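Quick one: the structure is below, questions incoming.
Letters are used for the chains, namely A, B and C, taken in the order the chains are written, and counting of residues starts over at 1 for each.
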């Protein structure tokens, strides 16, 4: 077998194998360099795989040569590609961007372990995106979760520890719920392979355990994905994590769980449980509307920049779910494309915030007041990414909103109400983005922040690269939309 | 009735699950929360182990008379070995966190910590 | 030069200007030269385009596809041509004026002022030449965003409040009402292109037409139809050249222009008139005309009074659109141009008074005309033009609006127009008359107040001359508006 045939496995193996290697490196900068190299390799592999999958083929890779349903398989279709690109891209960008900030917040002593944890998180998240085995998802999920507990817990503030503890308990409950669900289905079907499961659930005589399984899986993953009202762990975890970890995790961690939720439901439950899709979509509609409204409203009143962005993420996850809940091609496309676009938006925003924090040492609005005057490039990046968050035309955020509204208006009277909710939430987004702008530009900066200057050039370059990506994908939409549309067809074709 | 009672290990599973959850949510002490988490996970181990039991089945070892023997399903046992490893890692990490929290706050009681840092 | 190059140049020239202005941050004379040079070349480009449009060609250019069936594309039709001409010619005058005003007032952050101004003009060109609703919406939002720093220019609390209302109201209306209207139109018709005769005919009927019209009319918040008008008085905190930009050159004109364009090319006037769903808009716009005039009378702050006057005058244009007849469209389109020259004169004068005498309240201006005769004479000319009296340009647009209302047998509209003219007289004319013929208060013999800086006076002279010239030679303007293909 040629190397290119092994790409799916390498995608996971490269970061996984680099992790223990990194712990052995005691030379300054080397751990970071190896982590970056591994992450960049993974990113390159996912681009190569996307290239292979783009025409519509699905890659199936039997781990260890054991064919499905006996062995574990990696299945890579367009939807997996979206996730892979988000995960590996965010990790690479965050690492390349954040060297100086990480040196400041992590230090050289802890660096080898920190980067090892980073690579494990990366391996886990990529693994979830491509595996076709329900139990394997659990294993990867726990690898990534355990590693991200470590990442978040290495934040310099002591509240990082309590935030991590909360995340750890709730995250474990979520994963265990998922495990119970998978166990119940295994009991009824005797298989763990997702595709095999999908075809066998139909033959099960008593569907009640499967119904219970649907409940456990949905709630467990909703907890992991920080879907309102199960989001309580998330804002604090993002707030007190090291800034660069926030960039990485905000862009992709919850989305991967969201991905599993959507994929599981569309593959296993929707085609086999009568009326499931309606119930599922009803459930999603309600929670996502609440998420959108409450997340945005809390963000309006929040005075800590990172937590503000965290609550904004709660609302944005709501957008993604709203799109999915319409059960239509446009809606599903909107959901998947927003997975992608929101990763771009939040990565750019958290990068700008990391720049501010690097210079000013704080992310509280009243303490960074006036920073627009001393960090013009950084704040300009924040404003530009904020526009994308609001959904101004010409930005990536607009493309998501365009499809989302289209799906809503196509959905009858209920859709009109949902469209109104989306629009109200966009206005709330204007308010909370503008609140930051007013603090940054209309206040005099305080004594403590007077010494600070513009962020380092390397950090600015990557921040702006991410911002420009927001504009690029707001105008040249072919790649994300193409992937999203075929993903939507995959998800709907399976019945959802 | 008898049938319902016969599923006693599933009853125990549910009971352990709820006890664990209660401890996680209801206890203020972080160590007790972790104990709850462990009980919670142990419940799931029991679920998996229960489902692989075949009445009269033996350990799945390939012997000469394999055709006539009844085996217990080995797969859930393997799965749950993995889950146990995950559980141990989680507990270990959680305990390490509690140690760090104790170092920083001087307490492992949630309400004490909350008074020191209101926004946690 | 090819059509496509010209269109793109019209967008690019102000943008290039915006990029070059910061380079000459330390050399104000060169910096202003860049502004004037880009304004001059832009006018050259728009005039060239105008000649081609007059000759009957319809230049267009498609840049690229954004989402399915929606392109970033431009097309020059007569209505957009008119708006582009107004904006580009007034940019020159406004720049000359800005030089005098900003220097005379020692305003801070002048470089960013000129940069944002140039970006706003570039987006106005984008709005003018938009081929479809998406392109229009894109540049509409860029215009809002680029003018926000201008409104907030002073940077004090009051400016922040005003700018906050400005951005929130304009963004909120455009996102909550306009965007769904666009998507709905797209869902109904499968296109978002501005098409002669409209695209909604046969695709929408009954109340849907009325709801869509409401979404557009209120969603285009820049048209300042009541009750979404109050961003305009709030934006008065901006420096006067910015007010001129808002009221005359680009912003509100972009609003009413968009309303006209949507009525003509999305609904189609015959379809809209046939559906009868334009009635409510006629009444709401008429009510705005009267109410805003009444509020204007109560204002003692000169710029606030002018702001409400603008709200009132803009609704003339909305009435013209809502009449959904060819005469109404001609009247509305002409009013874009005539109101622009009239109102910019008034604002220039208000700014000149502020620079020279630091007075903002009308009651303080009695007798001021004796020391600032040129300024107040120009104010008189501008006021007469807004009122619509000969020999001023404002007469013509009112004339056609009146004809349009007669043709559609809307006698109520005719009444509104006449009553509004009377109200205009009541709140505008006393200002120059008292200033010119009143007595300065005791012990205040001018106090060393002299005329405004020369660049300001030049700009005022040009625009007041334009008011008169457009009265004497309205033919070019009329011909262009008559070319608007309404069916």
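We take it that a contact is a pair of C-beta atoms (placed from the backbone, for glycine too) under 8 Å apart; a residue touches a chain by one contact, two chains touch by 3 or more.
Model, not experiment: these values are computed from the prediction.
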Central chain of the complex, centres being mean CA coordinates: A
By mean C-alpha coordinates, which chain is most distant from chain B? C
CA centroid of chain B to CA centroid of chain C, Å: 70
What whole-Å value do you get for the distance between chain A and chain C if each is reduced to the mean of its CA atoms? 44
Could you put a whole-Å number on the gap between the CA centroids of chain A and chain B? 28
For chain B, which residues count as touching chain A in their complex? 17, 21, 24, 30, 33-34, 37, 40-41, 44, 47-48, 51, 76, 79, 82-83, 86, 89-90, 93-94, 97-98, 100-101, 104-105, 113, 117, 119-120
Which positions of chain A touch chain C when the two form their complex? 387, 390-394, 399, 401-403, 405-406, 409-410, 419-420, 423-424, 426-427, 430-431, 434, 438, 441-442, 475-477, 481
Which residues, counting only chain A, touch chain B once they are in their complex? 135, 138-139, 142, 146, 149-150, 153, 158-159, 161-166, 168-169, 172-173, 175-176, 179-180, 183, 186-187, 192, 236
Which chain C residues qualify as touching chain A in the complex? 64, 66-68, 72, 134, 137-138, 141-142, 145, 152, 155, 160, 164, 167-168, 171-172, 175-176, 179-180, 183-184, 186-187
